[in-house]
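Sharing a structure here in structure tokens format.
The chains carry the letters A, B, C, D, E and F, assigned in the order they are written, with residues numbered from 1 in each.
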Amino acid sequence: MCLAIPVKIESLVDGSDEMAVVSIDGIRREISVALIDDVQVGDYVILHTGYALSKLDEAEAQATIELMQQEHSPLIR
Amino acid sequence: MCLAIPVKIESLVDGSDEMAVVSIDGIRREISVALIDDVQVGDYVILHTGYALSKLDEAEAQATIELMQQEHSPLIR
Amino acid sequence: MPRDAYSAPLNIENGKIELIHGGGGRAMEQLIDQLFKAEFIKAGVAGNDGTGEGPSHDATLVTPPPGQLAVSTDSHVITPLFFPGGNIGSLAVHGTVNDLAMGGAKPLWLSAGFILEEGFPLKELQTIVRSMAAAAKEAEVKIITGDTKVVEKGKGDGVYINTCGIGHVINQSKIGPQYIQPGDKILISGFLGDHGVAVMSQRENLGFESEILSDSQSLNGLVAEMLEAVPQVHCLRDPTRGGLANTLNELVQSARCDVLLQEATIPLRPAVNGACEFLGLDPLYVANEGKLIAICSAEDADKLLQVMHNHPKGESAAIIGEFVAEKSGDNFQGYLEMETPYGGKRLLDWLNGEQLPRIC
Amino acid sequence: MPRDAYSAPLNIENGKIELIHGGGGRAMEQLIDQLFKAEFIKAGVAGNDGTGEGPSHDATLVTPPPGQLAVSTDSHVITPLFFPGGNIGSLAVHGTVNDLAMGGAKPLWLSAGFILEEGFPLKELQTIVRSMAAAAKEAEVKIITGDTKVVEKGKGDGVYINTCGIGHVINQSKIGPQYIQPGDKILISGFLGDHGVAVMSQRENLGFESEILSDSQSLNGLVAEMLEAVPQVHCLRDPTRGGLANTLNELVQSARCDVLLQEATIPLRPAVNGACEFLGLDPLYVANEGKLIAICSAEDADKLLQVMHNHPKGESAAIIGEFVAEKSGDNFQGYLEMETPYGGKRLLDWLNGEQLPRIC
Amino acid sequence: MKYIDEYRDPDLAKKIVADIKNEVDPNRQYRFMEFCGGHTHAFFRFGVPDLLPDNLKLVHGPGCPVCVLPMSRLDLAIELAEKPNVILCSYGDMMRVPGSGRKSLLTARSNGADVRMVYSALDAIRLAQENPQREVVFFGIGFETTTPPSALLLKQAEKLGIENLSLFCNHLLTPSAIASILDSPEIRDLDRLKLDGFLGPAHVSTVIGCQPFEYFASEYQKPVVIAGFEPVDLLQAVLMLVRQVNDGRHEIENEYARAVTHHGNQKAKAIVAECFELKKTFEWRGLGYVPYSGLKIKKQFSKFDAEVKFSLQAKEAKENRACECPGILRGVKEPQDCKLFGKVCTPDHPIGACMVSSEGACAAWYRYRRNNM
Amino acid sequence: MKYIDEYRDPDLAKKIVADIKNEVDPNRQYRFMEFCGGHTHAFFRFGVPDLLPDNLKLVHGPGCPVCVLPMSRLDLAIELAEKPNVILCSYGDMMRVPGSGRKSLLTARSNGADVRMVYSALDAIRLAQENPQREVVFFGIGFETTTPPSALLLKQAEKLGIENLSLFCNHLLTPSAIASILDSPEIRDLDRLKLDGFLGPAHVSTVIGCQPFEYFASEYQKPVVIAGFEPVDLLQAVLMLVRQVNDGRHEIENEYARAVTHHGNQKAKAIVAECFELKKTFEWRGLGYVPYSGLKIKKQFSKFDAEVKFSLQAKEAKENRACECPGILRGVKEPQDCKLFGKVCTPDHPIGACMVSSEGACAAWYRYRRNNM
């Protein structure tokens, strides 16, 4: 359930503390960031039905992938 | 101004003292007879925008035509 | 697609058109197969002559006879969809068949493009499609390709049908307004105004009762006999939108020659006259969908009239006027004039927009 | 009709479509003459080759080359009417031109049936008609006959356009789903989903910004080169409504042979992928209006791919799968299967109605 | 069509024409004004002008309610139609008439206003009942014929308690307008324009009777013949006028006795009197303000008065200065006197009052006889 | 797509598959339930079932809010949509779902109801502002992900004083449903069905965090791994479950640490708590009544509660008796066990809960793997 994707905060909408423009591969859309605190341009957030549900922890994301790349054995051991 | 035509009262609409069905050459329509008194089936009335404005005096109509037919000289005297 | 793949049966009795029927998926294929194709196949008017390809392929292949083709299209939008004497389905066939016939062609093939409004009852659609099939059968044309679109509720009017027709030009006749000559006679194939009055009788805000039926019918059979007898007919035209007056005004302009009609000769049913008096309309501007205007030389006129009288679709035909003997010069304005039964004359102007019922 | 008879000038800058523009009178003639015909004549795509008859006559006469003709129709209904990369006018030309090309035909002539909604701005209509004219010019087809209807406000969606096309079948090629063989390769001419995503980006309730342009374009030039190089192509089809998946499902059923695609080989733009992730859509079901699927024998596949790569409209072409080597027998169900980049497989089913954006 | 066809008999018509030709005095001019646009239209439709002797001339009057409705009133109707919750009901005749900025009810509708063409005031009642959440306004226009139906609409709304229905009242009085024409300097001053008699309106008279026209016959010493709309009626009435002129009489005669009585329809008049009262003055397009020539809704029905309900305020509207309608409506000019006629001003693109309805003099000339001008 | 493409890397996925194959104990069965329909969908979309060893089986849970919404609630939404003045806003997912008598929001719309598909609760606010004379109802469905937007809608409506907007609240709680499954006799009775672990929902957990799932790990002694939706996420989470099983552990682990924290989104949880409260019980389609598994709008927002505003009363709705959804949603039956599957019941014509949304187990099997059944 609950389709959601990581998108990047491109800009915060002037005169609103709740709206931001986000992008993914050249696609831009205005969304609400009212559910999360301290959004910065450049942050990645998890977007669901027009709302950011959480921030994406980029360091964690990077670490996870690297860990997996290292951990998993080559296909034929 | 004021397009109006003579139509014949075909029937009075049941349960209404104001509506009647009229006809002209096989065309039938419901109209209001609220503006005239003592409408009878078979009467001719002058119809304008869905309302009978007056009764047509059939004897008078017949007389007018006959009078004119008699009165007017043949085309070449 | 295999029949058993439709797990939701097409509920023609109680079902309605949904957006899914135009979505390009199974439901659309099902609608096409089980309603459109089924009715066209049943009537023997589906597909083309050999390959068996039906309306759902991208393009249908046909092999025309050698010579010229006539092509004509009309989108049909009509309120109400059903009227005494026909419905939008039969009309969509007659309209295009007749335009081809007016080009001097024998109609061969039609395309059918449906724009359906969400919520339209399938049962009514079936009636419409059956009328199309019957009309195509009677006119001896095949429906060789089609398209189905569904628009949201409130973006249509039940059903719009576009037909485009292809016909084969009969013995290379020269038929068209450019062939009209001064002095030519004007013939009409029957009573005027039946279609428009039949349709108006059904409009809720005008509603009247009458026995008038639309004259919607195909005229290609009549035209074939006319052209066989008088191949040198100068022009044919069906007086549809705008009626006789508007169509003749178009021809006056194309031929650059004035017209004089004789009002007393124009065939009009008393009931059509009555309905027009009711509504303040002029029957000469009311639409026809099964009548034609033929224009031929004065010498040919009686022969042509005779042929029309011998055909069931022309039995009330009449010669109603002529293109005046002298063409106007540079200062041509183009007048469609009519002599009244009282001996006076008046112009019949172009229709000024839609005919609206008047009170004065 | 003479130009000076229009006392009310057509106010293209600020005017709107009124019912009178479809009424069959002077205003309609004026709209046809000054907008439709004017633009088609300016672009050199009006009328037919010889007689000079334009769209306003009942039927237009044309003389086809000997041989088979392909005929196809589509009504175009699209919201919004204008989208990045095109509008309903160009689309109405491309859609039918491409269907003819998919039948292996060189498109020659189009009809154009307009259903205009009362209140539609003439300026926007002009833009649409100009796009039609430009698209027809590019595709080298003539618009030979037309029709204009106006429907009341609230019974349309601005503009609906039906086109019906006639094409000449190139060297009697046998092109159609019935010629598909087990083992045949499936080629796609370029990136998928551009049109559908470009259109959705403009929908008010979904609205997003992107640089994606509709791929709406005519493919007859590309097809001509393909058929010249590989006349024995088995089937061509443009994956419009329902996208690649739906179109291939149709072919699976027509050919009675399963398909296996390789997901990794299917050309998709990152932005299209991104938009589909936004909306919960599968790009393989999104509409294309300038792409084709070609099916040919395995031996011909590389040559055909090469020809496509050499044409600007096929430079991103790819071989994306094949009809499986064995035809199923009596118990044929018809499966469109796809191998994912991970080595697993899944079916691509028929589109289940319109693609609706999802939350889960 | 019984009681129509007899009066369209070409033979009888031709006989009357012969009598007219026979009886006119070749040494004088006859100028008769048909007040009513319906007569104007019928004359042209049946080709009557071709039939009359050269020294007998028909002069067209202001008797078309569509033509004479001032632009500012039409603008108010359009303003009403554009209110989001309003359904404006109008007779078909008004739909194409241009108001300020060439905006008509049809163009308003094409921009989204909800305008419904109705055939009858009855339809407005039905619409109000069918659309309880909407405000239905009936655009009441016309002379004494359409006024009784509008009055019934008010009474019906009250009786049925229909709260969402109102009337935008633009009803006019024929006799006041005729008086105003006869009082105009051009007519009063006999040197400048002579009228030898009047054809009185047929259907207006079914309601108000012949009686109101007696005043003109006596006060202005002009013959008046109430005439039907069929060709035989028209010709016979012309003949009756010719005879009065020849005899030096100025009486009120009734050619249309089959439907018109001396006192008219008492019941209809009573209903009108119950619902409406005279306005001190009302503007006529082309004629200007005419005292006591229009009706307004009485206080007791003011909750059904659209002008009250929607607090309408008329704004000034400008007519084209080159338009000759004021003269044409008074019978002192003719369409061919107008420079705009047939060039800028046509039925497709009307500029002035006389071109907006098919009953206007300019429209009738353009449509039926412009080749004879 | 950054932070998506990396987790779709085929090479990495294939390596993890190899590890899974390597590490599973060939002598035992592994049965993992993915609670979340998004996981079900993703497994099929990426072809994962083909990649897993034969003795490792994924069992589909009830985690699709579209599937588990009871018909009677959908019927109420349709009833709302059919009210003349109401605009009902719904996520696209709900549009085609059949309620009683096979009526869906789409069929209601085709019959004239005003149903608008929206992408976001934000659209409902815009619609309410654009249509001040209409009543806009937002059909709120979903688990913990869609609940915070619905809560914001209530707060926004109050703040902006939007009177014509209301919420039809159908928000569900994931943990209660999981508990109900684990408490069902078939699962409790280990003889009949064994579950060896759970894939925990990714996006639900962005809001509620990992913490609520600790209870399952400890109380029911089942390993739980919160997993993302990409193929690498799914496979890695399966591997983590295999390892826990092999190690005899039953812990809560977080594969989706890049977006999920222990406590989740405190701000979102607070907003939800401010607006909603637990219902004593809520019906799940296929599962029946589950205690404390649904939310209702708090009193202080009751003027925005569509159930209050429109006095909605649920009527009973009958499910097809042959439908095996109750068992499938609990993981004790499979789509192929249902006689209706693929015959009467298809995505074009769904009969039961599991076929109505593309995330339902029956729909996923039909669409993606029916050739393998």
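Note that in this section a residue touches a chain if its C-beta (ideal position, glycine included) is under 8 Å from a C-beta of that chain, and two chains touch if they have at least 3 such contacts.
In this text, all values refer to a predicted model and were calculated from it rather than measured experimentally.
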Taking CA centroids for every chain, report which one is farthest away from subunit C.
-> A
Ranking chain pairs by contacts, what comes out on top?
-> C-D
Compute the distance, rounded to whole Å, between the mean C-alpha positions of subunit C and subunit F.
-> 56
Whole-Å separation of chain centres (CA-atom averages), subunit E against subunit F = 71
Approximate Å spacing (C-alpha centroids) for the pair subunit A, subunit D | 37
By residue number and range, which residues of subunit A touch two or more other chains?
-> 1-3, 5, 24-25, 48-49
So which stretches of subunit F touch two or more other chains?
-> 1, 4, 14, 37-38, 64-65, 91, 96, 106, 119, 123, 142, 146, 348, 359
Contacts with 2+ other chains: residues of subunit C = 18-20, 25-27, 152, 270, 273-274, 277, 280, 333, 350, 352-353, 358-360
Would you mind writing out the residues of subunit C in touch with subunit D in their complex?
-> 1-2, 5, 18-20, 23-27, 29, 53, 57-64, 66-77, 99-100, 102-103, 105, 109, 111-115, 144-147, 149, 151-152, 154-157, 160, 162, 164-167, 169, 176-177, 237-238, 240-242, 246, 250, 253, 332-334, 350-354
List of subunit E residues in touch with subunit B within their complex = 1-4, 6-7, 12, 14-16, 18-19, 22, 36-38, 63-65, 91, 119-123, 142-143, 145-146, 148-149, 152, 201-204, 206-207, 232, 236, 255, 257-261, 264-265, 267-268, 271, 359
Spell out the part of subunit A that touches subunit F in their complex, as residue ranges.
-> 1-6, 8, 24-25, 32, 34-37, 44, 46, 48-51, 53-58, 60-61, 64-65, 68-69, 72-77
List of subunit D residues in touch with subunit A within their complex = 201, 207-212, 270-271, 273-275, 277-278, 280, 358-360
Which subunit E residues qualify as touching subunit C in the complex?
-> 1, 4, 8, 10, 13-14, 17, 37-38, 44-51, 64-66, 91-93, 95-96, 106, 116-119, 123, 142, 146, 231, 347-348, 357-359, 366-371
